[in-house]
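Labels run A, B, C and D following the written order; every chain starts at residue 1.
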Amino acid sequence: MEEITIRIFEKEPGTEVKAPVLIEGLPGIGHVGKLVAEHMIRELGAEKVAEIESIFFPPQVIIDENGTVRLANNEIYYYAGEHHQFLFLVGDFQATSAEGHYLLADAYLEFGRECGVSRIYTLGGYGVGRLVEEPRVLGAVNHPGLKAGVEAAGAIVSRDEPGGGIIGAAGLLLGLGHSRGMDGICLMGETSGYLVDPKSAASLLRVLNTLLDLSIDPTLLEQRAEEMEHMLQKLVDVERISQDEELRYFV
Amino acid sequence: MEEITIRIFEKEPGTEVKAPVLIEGLPGIGHVGKLVAEHMIRELGAEKVAEIESIFFPPQVIIDENGTVRLANNEIYYYAGEHHQFLFLVGDFQATSAEGHYLLADAYLEFGRECGVSRIYTLGGYGVGRLVEEPRVLGAVNHPGLKAGVEAAGAIVSRDEPGGGIIGAAGLLLGLGHSRGMDGICLMGETSGYLVDPKSAASLLRVLNTLLDLSIDPTLLEQRAEEMEHMLQKLVDVERISQDEELRYFV
Amino acid sequence: MEEITIRIFEKEPGTEVKAPVLIEGLPGIGHVGKLVAEHMIRELGAEKVAEIESIFFPPQVIIDENGTVRLANNEIYYYAGEHHQFLFLVGDFQATSAEGHYLLADAYLEFGRECGVSRIYTLGGYGVGRLVEEPRVLGAVNHPGLKAGVEAAGAIVSRDEPGGGIIGAAGLLLGLGHSRGMDGICLMGETSGYLVDPKSAASLLRVLNTLLDLSIDPTLLEQRAEEMEHMLQKLVDVERISQDEELRYFV
Amino acid sequence: MEEITIRIFEKEPGTEVKAPVLIEGLPGIGHVGKLVAEHMIRELGAEKVAEIESIFFPPQVIIDENGTVRLANNEIYYYAGEHHQFLFLVGDFQATSAEGHYLLADAYLEFGRECGVSRIYTLGGYGVGRLVEEPRVLGAVNHPGLKAGVEAAGAIVSRDEPGGGIIGAAGLLLGLGHSRGMDGICLMGETSGYLVDPKSAASLLRVLNTLLDLSIDPTLLEQRAEEMEHMLQKLVDVERISQDEELRYFV
């Protein structure tokens, strides 16, 4: 068994799958990057072109809504429009070890290189430990020349934040991408860090729209987010009812 | 030393050991899967055909009732009856690392492939955090076409449960088995998660009996379970007595 | 850099270093095994014939009493008397990972095989969580035929103890040794588990004396142990004084 | 992707980069070694000749003051003066695993060997758990013949300290360097262990000045340290203000 397997679907990377831009939105703080990337995939109608399985992911399967399992994995989606071609990297998990993080990031970049990627956007959250009314979007770049454009699009490139650096795929794709001559921009939406945060995702999407010259509607993202919150609330209610029922055994 | 060693006994896999069905019951929540698989091995008189040792298991030996040690391992048992041929995968432990989980599951599947396995049943518990009077059996499949049969046999294929996916060998054998074209069904008996749970195991066995067209008696499993509970109680009593004796030194 | 390096000193394994018996006393519960093996090395005047370094040991150096450092390692000592030839395996640490435990144990056995080892004694403590006035010695074997001899020498081969198996080198050398056709006996002195326990070590040595037809004096071990306890007491006193001095700053 | 990559800049190791002495100051207790080594690099005007990237470092990027990221790495600086030639090993992190520590230390030593290094100074802190008015400098050597010189320079080579050995690169470079025939001296400044400690660093530098026949001004180091303390104080103040503002939402 290979440490990392990239299973290509019908379209061949480099010939049928060609894109200058890779957008990463793997799970992370507030799932901000994941929300944005998955929203873009739906809105643009991007198609899945590859699945990535790895011994560095948690050893588990995910159960879909029909009770069918599939291996925990990451996925590559492809969008080829008239004006833009994008690859999206999304998925269930990041690596479980430091070594796995590096080796997976390297594999993602190698796949990107085969598809002609020269610029990477990594999307994430920036946990501030408190509720944020109007989430700012922070930016970081892997090349000084990229800074002005990121600031012009509405992101704040701060000399103090995030203090601890950028951890995981969002950081490594920029750092390892630099060695491969790829431009890299990381956008981070401010978020409490306690909850899935679609409001932060909407803020981030607005900046990304400007950077990519797109006009994907963030209000739809917010609506989807509100639905999620309703579902979350229902789960909490169900939990409460079941606890109440359980208590009856003891009363 | 190999990372994983499968020590074959007398019978040759593929020629002398041939079975279309692999049943996994490794240790897990409530030891539900382990109880069912070991009960079936005893009832059917299956014989051990292979032992699996690995650097991914905990670094320890098990002491048997005569004070003789053996390396922590997993074992393959083989049953060849007139109507059914089964492989059973049971053992002391699962892997100690994410990587080990994947590599062991892959090794189990490769052994299964050599023996002609085309369908896998993985057995486990589904921890609900409270005592369950009448444990349900949940099912998950690695192929939508398997769902109807599992439901007909009395298992519930739920779109909500288990929420966190299936962790360890019970999940990976289905996920990695899918890539090898093997059908996979996971059965999970509801259990508190705090105790070894033979009642849940008996429920699970009833469903498996139906699925496999067998009639292994679950009451025997329940009797063995009651014996276990008695032994457990004795141990608790011994512990109490020894604590009482110890207290005397201080009185 | 090799994962495991066995640095041979002057004498060549297999020709100049030949012994049928390997005695392991690596650090463990109560340092019982370590105390016994190091005492035997001193009493018999065994000489160091090899050092083992490994990336699986903790990444640190030990400072000797002159301020000179040496890499954390394990060591092989050799004793060749008229009636007995022994290898001793002692050292600073056991492995830091499950995989490392297996690979190191395998390397120790391979070295033993080169030197003609056919029987292994592993020495350790058996933590019981309370002070023990007259520590029993428990035994476990990797071959049923060894049991009677171990019991005749005064060890108790129990069907219940230790319940959790034997963890680390003391267990793996027996388990992996079995596959190499080596006899293996583990002796465990009862000990609280909280302190270095020379009294338990002396009990263990008495059993080992009988098994090996030796007469190494355990009272010397107890004297050394008492010295250790005095040193320990001094350290505690120094600590108290330094704490008192520190408190003066705040008074 | 290699486990460890040493990216050489313009100057070729062994021909253009030649030095008998390697000085290590990686992050550690009180950042004492890091403060000293980075201060020496600035004062001597040493130039960066290599960067080391590794899957054994934490999976993250560091953001510089302009919002530009770079991969977490270690760095080699080179100083070639009339009387002295030094290599400096500094950087962001040490390894995240025991195995990584060994493999990185081995790679550092191999690079040193190519550059002609025959003596290594490793610099660190020695945590004592209390504030120290006049920090002593402890020394350890990998060869008894080095002890007298270290003591003459003002370091204390103690038979009791540090009791637990020396962990990480500072220890391994001495231990593994010994096998390569390299002299190794570890200097450790006493420090509380709770704070970055420039006062301890200044004490250490004085000893190192003597050992290397240098006269690098430690008062500058203390000034830089005071600036750091002011910055730290500002951060604490900002934190307080932001907490006060947050409280207003609830008042």
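Simple rule for what comes next: a residue touches a chain if its C-beta (ideal position, glycine included) is under 8 Å from a C-beta of that chain, and two chains touch if they have at least 3 such contacts.
Please read these numbers as outputs of a predicted model, since none were measured by experiment.
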Rotational angle, Cα trace of chain C fitted to chain D, multiple of 5°: 90
Interface composition of copies chain B and chain C: same or different, split at half: different
Approximate Å spacing (C-alpha centroids) for the pair chain A, chain D: 36
Contacts with two or more other chains, residues of chain D listed in rising order: none
Touching residues on chain D, where the partner in the complex is chain A: 1, 3, 55-63, 65-72, 96-97, 246
Complex contacts: residues of chain D adjacent to chain C: 95, 98-99, 101-103, 105-106, 130, 139-144, 147, 157-159, 161-162, 164-168, 171-172, 174-176, 178-179, 184, 186
